[in-house]
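One chain, chain A, links the two complexes that follow: it is found with chain B in the first and with chain C in the second.
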Partner chain A sequence: MALASRNIRKYPGFFSMTLLCMVLLYAPLAVVAAYSFNDSLSITRWGGFSFRWYLDVFFGLEADKFRDAAWNSLSIAFLAATASTIIATAASIGMVRGGEFRAKPASFALISLPLMVPEIVTAVATLIFFSAIGFVRGYATILVAHIVFCIPFAYLPIEARLRGIEGTFEEAAQDLYASRGQAFRFVLLPLMAPGIVAGYLLAFIISLDDFIITNFVKGAGIETLPTAIFGAVKQGIKPNILALSTLMLLISIGFVTISYFVSRKGVKPGGHGAPETT
Partner chain B sequence: MAGIGGKSGESASSAFAPIRAWLIAPTWLMIGFFLVVPVGTMLVYSFLTKEFRGGVIWEFSLAAYDRFIFDRGLFGDEPPKLELTYITIFARSIVQAAIATALCLIIGFPTAFYIATRPVSTRAIWLFLVTVPYWVNLLVRTVSMKFLVRESGPLNTFLQWTGVISEPLQIINTDFAVQLGLFYSYLPFMVLPIYASVERYDFALSEAAADLYAGKWTILRKVLLPTVKPGIIAGCILVFVPSLGAFLAPDLLGGAKNFMIGSLIEEQFKGNAGNWPFGAAASMILLSMVLIVLLFYARRQSVRAGA
Partner chain C sequence: MESSKENLAVELQGVFKKYGDFVALKKIDLEIKDNEFFTLLGPSGCGKTTLLRVIAGFEEISEGTILLKGERIGDLPPNKRPINTVFQHYALFPHMTVEANVAFGMKMLGMSKAEVADRSRKMLEMVKLGDFAGRRPNQLSGGQQQRVALARAMAPGPQVLLLDEPLSALDLKLRHAMRVELKQLQMETGITFVFVTHDQEEALTMSDRIGVMDHGILQQVGTPHEIYEKPVNRFVADFIGETNIFDATISHVGDANCVCVLRNGSSVGCEAGSNPQVGAKCHLSIRPEGLEMSRANDEPRSLGGRVEQVVYLGTDTQYLIRIPSGELVTVRCQNTIADGVNYSTGDEVALKPRDGAARLLVD
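And then the complex of A and B:
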């Protein structure tokens, strides 16, 4: 029986399923990345390796459109991630270090509400709301909508991190005559830093990723990268879209890698590697 | 205030109690004002009269909900007939989301199990590989899938080159393409919760079952699956709920024939042909369906916790 019980962790076919899973996950991305280097006007035939479609993205006919869209996407992601991270950090301190209070379950439900409401419903509701109060749709409406749905994504990693920090650190600091503000600034905040960075990165990428809500609340004449790509793809996939998609793919992979290393740092007990916050 | 002695843990956990209202207020304001109030406004709009150029007239009407269920003819003087167009779209969305969930489960469960039974050192790499696509822009992923499976796309070229097929497969603009797109969009949501519960699973249970001469697949079915069921249910909900209201996969991969709720709603707010109250009503119905699923899940969880 010993042999059989050693095998209980292995099931035939599970490894092939895992491989199939990986192929399904990566094949479309790999194919698009490969064809983005295709030196041919047709997206079907392979015409040799070239960077021409990357040059086209930056200097071609649609370069201005893409540059504006990229600027809007990145600046909105930067502002929305910053605002939602600050809001979420404050909320997590109130929730975790604020003792017990009656509105706590309701507050938590409210924070996770953007995760529960389907994106398209949030999009419709936000569009109707801005139109009802007569707010002109544009950059500001996109930004506000992004801050709202980024809050839970920033909140969850920060809260998880804060929950793992024992109160004894702050108490030790105060025993050593640190003021409350100093205990917060020099002890609690640096300990929270990995969670805050992870929350910020997640919020940033979620904002950059959003299509549906942006598409509803953006109004005419302003585009973000996803809405610009969507508009272009509606008229058929062109080679420059493949190049642009590959660039966005690289940005995403860069982000995951950073967040992977940040969260690994956060795993270390006590977070001694936490960076200085000044 | 710095606790010396016994109650130290408690004093730190309420250190910010005096200012907690100020700390949480920004969240309350942002989500309350820009999500709760808008959903309320949307509810009100679903009971208003449509204006022809998009927008609404402030006059109470049940027309939006009525239109869902009944066809009253052009002038409203014929006897109402049951209108199946929109009910069909909702039913199709449920079926498509369910099939996508099943696909995710079939591929996701073995993957999660395989990863969870790796040595700790390689698990992180496998998990990393599963989560990377989640971080890639959803639109980019959906467009990539469209590029891969389209009629003259790389997949068909490859299959024809290897001689598996002689005619290109028609994948794009079919129900299957939508299921594939939804599967591709939300697969990591299935793998991660199942992984988490298999990782916590105590394989001594399986060994005990094996000692009692249970076969491998019997162990899987009767011991492992019941134990990791919460993870499976969580994964299914995390895939099903966003699939139900998905817009990109049905729109880009499904074409005009394979309409789902997301496209139906989107159409009501595009250009001048839209019908805002109808779109608001459809959104309310979708939201209610999702909340029912989530409430069901929350109840199960609390029953489980109470038991």
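And then the complex of A and C:
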């Protein structure tokens, strides 16, 4: 084909560049996952296959610490994702269905700005804010901070979904005697559901994974999984950290997979329903 | 023709709709009768959809009054108006089955479960989709979706049904079949239909009355016959069917008739419109079938010209005739077996309007 010469694969070095990127990205993960099954105290020398470090995570010396941290991480992720998804859903309806208002571009910038601000800046600012209002650092400060920085992540997929839903569905519902509330509940919400689920899962992972902001606002005596792992690593990496990291990786992959399938499935909200004729 | 106010379904009085500076509806005065098949006809962008949305309650009006069965409904939201809409692209709820779509309005009205189920089934049978109750809208063809939209809008028993170009997404054959079906449904149910289209043939064949719109103004309201035979102005004459428009001057005004002189000097009698003045410039509309053709004669002041094109249309033959002023005039003659007269390109012919065929246009 005439186009073949423009095929990106024909550029010199394409293959080696790709390989290099893949190796840099995934080789460390593969090594961590592989060595989490290492039946040895060393993290570099292979000593046979075993589940001992997984058992160690759950029943070993540090098990209590990890269990508390996991509980904090999961409960904060659950609450922060729930709260930020609700806020993001309301915000997207205001932005997409609210008609034109003067502050619209500003509002959008405000919602998505946290994605662009360096996380360390947000972390410092949040810490200063909590100190200024005299908020005692602990579980609540982590939760509030997570809700806030999860909002833009929940917002983007929800907003994208809502934009694809034609306004005539809500009009049709109201035309058929549904109040605004009923039109939302029976028509708009089910149509938005895939976007909402995707936003929720994204927020959940982002919260579960956060280290920088959490580390700044958490205060003493409370850990989440990332801060607990960081703390443990400071005294040298033990193989149980590899097992714990691999578990977190699995959870993340699981969520991303669900999110992918949910946002792809769902009923197509195109509206015309493809009026092909027979 | 004067109807008492009691059997009016929808009444609009001096309705204006503005989008910023743009006036989409200009002083609409309209009375739609109970049980009538009323059609809004006009070119794209003339405000048909806007007028429907105003009646349905999706757009607030800038000025004027809307009455439904004599009651003001201008301030009611759409869900408080006993009016349902068949949307242009149907807007069927994609996450619900066909049956749930049809049941939706009745459920929102708080009808009992048994009643809703019973009536949904009846409505689906009425539109011949009894076997499709469990399907999703995207598993239906365009024509089937259209029927579901119809059943959904009619199920709650509205006083008025609004239809926004419901046939435009269908292919030609299906469109013709649906015309007949829609008309039958309307007569069976007795619901007032307000039907929007830009297809004049659709309007002429289905409607009890037609409102012709242009640029947000209701140009003329009348039966298909009135609209076709007695257009009030140049826009309506031009938009509905084919016509020849001649410049003329009024030369004589009688009681009910007047005489106009065309540019070539031939005079044509026609029904007097409103308040004609001798000497005033005017336009005459003569339909292609309203002109009689004969071999050219030597009568000095007759309308005539040279045949430029002959198009055989089966039952008719259409001739394009170039008259001395340079304009083309369309003439249509029925092909009868007895009538052996045939004209071919290049023939010189004389044209004469049949009695009552010329229509005086006010502008």
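One rule holds in what follows: the second predicted complex is superposed on the first by the 252 of 278 C-alpha atoms of A that agree within 3 Å, B and C clash if a C-alpha of one lies under 4 Å from a C-alpha of the other, contacts with A are read in each partner's own complex, and residues count from 1 in each chain.
The criterion applied here is as follows: a contact is a pair of C-beta atoms (placed from the backbone, for glycine too) under 8 Å apart; a residue touches a chain by one contact, two chains touch by 3 or more.
A quick note: this is a predicted structure, and the numbers were derived from the prediction, not measured.
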Based on the superposed arrangement, let me know which partner A:F186 touches: chain B (first), chain C (second), both, or neither? second
Report task. Quick one: classify A:E171 as touching chain B (first), chain C (second), both or neither. Result -> both
Message = For A:K10 in the superposed arrangement: first (chain B), second (chain C), both or neither?
response = first
Can A:L25 be said to touch chain B (first), chain C (second), both, or neither?
first
Inset, instruction - Using the touch definition from the top, say if A:F230 reaches chain B (first), chain C (second), both or neither. - result: first
Task = Quick one: classify A:D39 as touching chain B (first), chain C (second), both or neither.
result = neither
First (chain B), second (chain C), both or neither touched by A:D64
neither
Residue overlap on chain A between the chain B interface and the chain C interface 166, 168, 171, 174-175
Chain A contacts chain C in the complex at 166, 168-169, 171-179, 182, 186-187, 190-191, 267-269, 271-278
Residue set of chain B touching chain A in the complex reads 1-4, 8-9, 11-17, 19-24, 26-28, 30-32, 34-39, 41-42, 45, 55, 106-108, 110-111, 113-115, 117, 126, 128-133, 135-141, 143-148, 150, 152-154, 157, 183-184, 187, 191, 203, 206-207, 210-211, 216, 219-220, 241-242, 244-245, 247-248, 252, 261-262, 265-266, 269, 276, 279-280, 283, 286-287, 290-291, 294
The residues of chain A that touch chain B in their complex are 1, 4-5, 7-11, 13-15, 17-18, 20-22, 24-29, 31-32, 35, 43-44, 86-88, 90-91, 93-101, 103, 107, 110-111, 113-114, 116-122, 124-129, 131-132, 144-145, 147-148, 151, 155, 166-168, 170-171, 174-175, 180, 205, 208-209, 211-212, 216, 225-226, 229-230, 233, 237, 241-242, 245, 248-249, 252-253, 255-256, 260
In their shared complex, chain A is touched by residues of chain C numbered 56, 58, 77-79, 83-85, 87, 89-95, 104-105, 108-109, 136-138, 140-143, 145-146, 152-153, 156, 169-171, 174
